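See the structures that follow.
Both complexes below contain subunit A, partnered by subunit B and then by subunit C.
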Partner chain A sequence: MIRRLLPTLLTLCLLTTLSLGQVAEAQQRLKTAVAEVLAVADRAPNKSVLPNRVRSVLTKHVNFETMTRRAVGPGWRQFTPQQQQQATQLFSTLIIRSYSAKFTPGEHPAITYLNASSPASGRVDVPTRMVYQGSHYNVTYRLERALGWQITDVVIEGVSMIANYRSQLDAQFKKGGASAVISSLNQSLSRTP
Partner chain B sequence: MNPSDSSLRALLLLSVASFLTSCASTGSKPIQDAAAGQAVTDKKNQATKHTAPATDEHDDYAESDAHIADPLEPINRGMFWCNDKLYTFIFRPISKTYEFVFPKPVRKGIDNAFENVKYPVRVVNCALQGKFKRAGQETGKFLVNTVGGVGGIFQPAEKIPALAHVPAEDTAQTFATWGIGHGPYIVLPLLGPSSLRDTVGLACDYAGNPVNWPMLYWHGGGDWEHDWTMAPPSSNTLRSMPDQFSKYDAATKDAIDPYLSARSAYVQNRAEEAKK
Partner chain C sequence: MNNSPKLELLVGAFVVLGLAAVAYLTLHLGKGSMLGGDTYRIEARFTNAGGLNPGSSVVVAGVPVGRVESVRVDPADFSAIADLRVISGLKLPTDTIASIKTTGLIGDKYILLAPGAEESTLTPGSRITDTESSVDLESLIGKMAFGSVEKDNPKAPTP
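Our next item is the complex of A and B:
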């Protein structure tokens, strides 16, 4: 009986160990990313330079291509490679601008990392509790492993950034295809931040 | 002032007050609470159903549970636009003045006190949802903050692990727990994103908030201008404004379509609140 169960138990132990390993690895990667962003934000003399300063750090830790693809939705398949590249570039600029606007140089958020989980292989969700400028936020980072762990979505108070943009970009695609999506991204970026 | 003027004024006050009270009560409600993903071009104005195939294996967003019917979309968009203008030209300047006059620590204390007073709404809804342990936590938190926090101005309960981070319950969440769906999406005047279910919930929360009791139950008619009962709800409205505008901006500032962004955020946030 024990002999029969042994391989199953060993496999379970191995899977659990692997899962715990990937959770810890992803969480550490997130902590590194947050620390790097905060360090860059700290050195910035004012808010206006933040988007340019954090871009290189975010490009390293955030998978903008995946984010854009999912934000656009099924219509993505009908984009030409050039349109995909253009949409990714515009969407990443929008996200970086939006993200940078939330920071005030010199003010640090207090972040508590809660128990991370792995909803699927190669995917880890890291919930955090953040206190910034006196306000409390529940923020979950979704990371996926491609060429290393990268952030693919940020969920603030239950609101997924990607799901939110998808509701808007999918509507744009249905209205006028890839060109409508690109045009709407351009319009959004042209508005004063 | 004739009775109809009084009623009208009370109604206006009610709506303005809940704009902030209810919003603040749910953490990230009405405004930032925005609502959900559905195609603008859906001519049938049916519920958002992303039945299209996913873009990859981890693309869950196609099956997001944040659906809401928006049969009133043209009217809702009009109301959304009107609200935006009202915020910009009337309420934002008021909010800025409040922020200028009261420094942040003072505002924080005022917020804490108003949230503490709303304890009956939270505890009753905990009980109605069968969350009796949480009702106990709410009671403990209320007692500690009221006694040790000078009437709730300070929050010593936040330093007690068992009483910190207790999710706030409201009537709309109770309805959700009972299996009642959103119904149609509604953009309320001044209050912003809501739904039929949540609007009823909001009215119940308003009636259950002790801050509004003097105005709702003790005002015997007569001259509103000299009636102190209007002061607590008005103050509650005013103190909630900065936080609500911050949330509204977060949902709409970098949006492609602010209306859809607000709707998506509302529905997602409410779904998350109901899960807690």
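Our next item is the complex of A and C:
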């Protein structure tokens, strides 16, 4: 019995040590990203310049291309390359704007990093607990390794950002194709200041 | 009154037959043997699979396409792994998101698969890791109700 179990146990140990390396690497990357964003937000004199300043940091750490493709879902393959580019541009602006709208300059979130795990190779989930302006949030960051580790999804209180946008954008796509998706993105952009 | 033993036997047999029929229905309908045709198995990893049972339905765009075969704990990181059986004709992209949803407000849990944009498809036995676990309604309500207690409110009286 033990003999039969031994190889399995050994491979399990090997796998955990391998994944431990990438888990630590991804978590470190996330911490750097968060620190950089906070540093930029601190230096901003007011809220209106925040989106533009945060953008350069976020494009480094967040894979907006993958995010947009996944948010659009099955319809993406029927987009023309031009429409794909346009959708990526709009979607990333939407994310950055709604993200930086949550920031109040001078306020610092207290983030506790919980045990990160690697559900598949090249994929790491980092669950965190965040206290911001007196409220508690459970935020899980999903990172993937492309060129380096990049954030591909954010799960807040169990609700995935990509899944949330996918259900909305896919419905738009079924209504009126790629142009409907782009115009709905345009609309929500014009609604947020 | 003289044929009562025979009648009682008959009634007894009828009751037993009825119970057997009920038992048969519970076993077979619950397991999801209603799903005809060939299926393949995929796995989905959740941090919390509360309320999900073997036999829960798997849905794409509101259409039932499979069943949950079993739910178990991964001993490596204590996450929940659900084994799903999905009809063979359905090829799902690798970036499909699996979410545990509830029918109505407090109804049964089911798994909603939202297909993604990737060209490659999930092969039998592969695992979906982009998932949304069941949203714990009670803890959310608890947060709404008791959230103010946790706040670092300077105006709040110190205990």
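Everything that follows uses one rule, which is that the second predicted complex is superposed on the first by the 178 of 193 C-alpha atoms of A that agree within 3 Å, B and C clash if a C-alpha of one lies under 4 Å from a C-alpha of the other, contacts with A are read in each partner's own complex, and residues count from 1 in each chain.
Going forward, contacts are C-beta pairs under 8 Å (C-beta built on N, C-alpha and C of every residue); 3 or more make two chains touch, one makes a residue touch a chain.
Keep in mind that what you see is a predicted model, and the values were worked out from it rather than measured.
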Joint occupancy of subunit A by subunit B and subunit C, clash or fit: clash
Which of subunit B and subunit C A:81 touches, first, second, both or neither: neither
Subunit B versus subunit C as contact partner of A:184, first or second or both or neither: first
Greater residue coverage of subunit A in the superposed arrangement, subunit B or subunit C: B
Contacts of A:73 with subunit B and subunit C, given as first, second, both or neither: both
Touched partner set for A:117, first subunit B, second subunit C, both or neither: second
First, second, both or neither for A:129, with subunit B first and subunit C second: first
Contacts of A:45 with subunit B and subunit C, given as first, second, both or neither: neither
Touched partner set for A:163, first subunit B, second subunit C, both or neither: both
Intersection of the subunit A residues that touch subunit B with those that touch subunit C: 69-70, 72-74, 76-77, 120, 123, 134-135, 157-160, 162-163, 166-167, 170
Subunit A - residues contacting subunit B, complex: 66, 69-70, 72-74, 76-77, 94, 97-98, 101, 120, 122-123, 129, 133-135, 144, 152, 156-160, 162-172, 174-175, 184-185, 187-188, 193
Contact footprint of subunit C on subunit A as seen in their complex: 12, 16, 69-70, 72-77, 117, 119-120, 123, 125, 127, 131, 134-136, 140, 142, 153, 155, 157-160, 162-163, 166-167, 170
Residue ranges of subunit C in contact with subunit A within the complex: 45, 47-48, 76-77, 79, 93, 95, 97, 99, 114-117, 119, 127, 129-136, 140, 143, 147, 150-153
Touching residues on subunit B, where the partner in the complex is subunit A: 27-28, 32, 34, 36-41, 48, 50, 52-59, 61-62, 64, 66, 104, 108, 165, 243, 246, 250-251, 253-257, 260-261, 263-265, 268-269, 271-273, 275
